[in-house]
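Below: one structure in structure tokens.
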């Protein structure tokens, strides 16, 4: 059960080619992306309305896409405008179009009622496209349900154990208490850790001699997006003094491919004034190692759950953010269902109607 | 749901060795084929009646087959004639025998009531064994349901798109209107295309300078067999003048392995008087490329359907033959069910009884 | 449906390392094994009670195991003794502990009610740890249900066919009549075969010129353990004269990994006074070949059953031991269920409660 009235990241902007078709599945629906002549991305259901062949097996013709099976031609709104051998095209011959937008290099699709697609609901992934921040874009595929990855991102106590030799470096992270507060469509988690050794991956950014005070401050918002300021500062330095600090900003989001598989888009940005792009490359390589650590653990956890789906988790104090976010998702899904229930007098609009 | 009172092609004649066991699954039933001393093929359920081990894991002993697990010996009628360590063999110790026949190099098994097996229902696959026709026999395996492949063969408009660079070569094929008429247990489809460039694969047969008139005339009969005359003639030549024409005959049939996988047997024959066997080899190689194009498209379509089995197809004018054949299958399956329903007075015979 | 109040072999003693974690699944439950400082093996559910990650992805710390996800620390009884960041540990924070014991190099876990774990129910696998017997320990994994492997071991008539060129060597084995008698929690099968050629694998033990009298005398006990004396003696020699005989003892046991996969632990021992360890190595290599023959046949049988689960087996005289053992399993499972049914007055204890 996933929230539908939501923007989901379907791709990095650079993944969608200038003159070819791109397909990726979101919430179990294969979605075709391509660019019209002005570079704008269109998002259509990747399934011909005729015999259900994927349109991505066809070809782009100008601003249209032609099905590679029997040649139906669809325009960028999803309307069929040509059926080979037929003189007219039925009005119902069309494929679903999804609201789509690009913000700061992330391509978002709206998976719910198109009439409710609202750009104000986009997350503030500013560091993905800022002259002040520098990064290498990342993508991973998980063969696990998306909520398990949200859980992981909502509880950084795992840094001390999963990432002991990469992002963590101290059990003090797990021992620190995280502050949680509400933000629109999500929560803010603040975790500060005092007087700890620099984590191994900071070496990619700069040499650090002594212990640090570290901070992780992030919003985690629907449908599963983390927006985080983090960093570390020599303990001798004053709180506002960033001259010897490591300062990072990270944007990460997890998009369900299906009920059991997930797309993971991520970046960890460094300040441009602190060195050249090689630092961003080194950070990215460290992050890949760490995110493989996560994927190995979450995949093992997921297999254990599959083997015995009724096994209960035992939620602890450290799970406060997990519990709050799961509750938010459940309430949002429930509210969408209520809204989608037809009233006895006025029939509800078809939730699958075309944009 | 498949028609059962029907001959299904299980193998090419040359696939069944002279003195060894051969197994292939049809309609979900593993079937053992082997030849008795006179070369006749016998077809038995490939499953020992004792503990269900495949007989094909055993060995041929004269005209019998011995189970490789505990040594039960079955004769060519499926009767058990020896149980090691037992003095007598129970009469019920036998495996199902299927009516089997060979016609023009195709080995057919009858999957329904043996009492109704009727050689008159075999298709006229004459070019598979004719001094006038020459071909290379083909086989492919599909991981898709059989009806999707029937759909493909019933609508040649796909030649313009799936086979643009192989069998097609012109969008005029899709634009041409196919004539459909009834034949016993199937339909006849006639498609004529005027003044089009020769399709790329005709080069295997002969050099053709200008445009052609092309024709495709085929019967498509239960359970999924295509028998087709096709060809192309320079537009300047009179309709009966075949001197510069390409003339082909093709026999193709799709046999369900299970509900979700299919055997595809095919050949495309050329006239022997028009050149040597190298032409048939070249045609076969072209056909393999084209049939891979089909398999890639149909497999993609099948995966899209699996992901959302309730999605409706939107049938168009081009689907007239598809619709008529699907209706014929549905009616035939329904009629078999009615016939199999026991009357209140006289119990029906066991549909699975042994031949 | 498996018997639960039973010792199942989970590993060979040498498989559990001195200072690391070992995991294997039994009856669908992943079980963590490790050794405490004194070498004793502890067996815990390999699943953290917190978010269900496998503890085997964590690490051993002294006599404890720390979860690699969020750092919970469990002692060798399964009790959680540390939750990072929490001052207290809830009493219910623990993982299931299984009774575990080692006897003659086999590590056994008790999968039922811990209060009923009874060392007297361990099988007499004496040759696994005896100065008089020498062997190489074996392990195979089957992708088939465990009962099909029990069936195989309960009916040695298959030696004549599956193992014609390895363990068998004569159809007389299948023709011999097996005597069956009851033993505690199982049956005893005695099969004697007169005046047959030595089986090919006896060559590993000694050169034998003429025919032999062979014997196979084994107990087959719950949950699926074979304990067998077997051998062969030149027909000219008197029954008690072992000077030119081959004498073997074998311990084999099949442990369900899940409903559809199985662990197979085995050894075939030779008398130490009859030669050096190279003989045991040669016997082991022969056995591997033969057990691959079994696995191929049982896997093929299992696939045939999966394709048509309702197909009935036709039990014959040779299946007497199969039928008796299957009946014993069914009765034992049924009796466990009756015992587990809560009475209307006194609620039954939780079958999944912690040891």
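Here the chain labels run A, B and C in written order, and each chain numbers its own residues starting at 1.
Just so we're on the same page, a contact is a pair of C-beta atoms (placed from the backbone, for glycine too) under 8 Å apart; a residue touches a chain by one contact, two chains touch by 3 or more.
Computed from a predicted structure; not experimentally measured.
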Fraction-based call for chain B against chain A, same above half, different below: different
Rotation angle superposing chain B onto its copy chain C by C-alpha atoms, nearest 5 degrees: 120
Inter-centroid spacing, chain B versus chain A (mean Cα positions, whole Å): 47
Touching two or more other chains - residues of chain A: none
Residue ranges of chain C in contact with chain B within the complex: 151, 155, 157-158, 160-162, 171, 174-177, 296-297, 300-301, 304-305, 307-308, 311, 313-319
Sites on chain B touched by chain C in the complex: 25, 28-30, 46-47, 49-54, 57-58, 66-71, 83-86, 90, 92-93
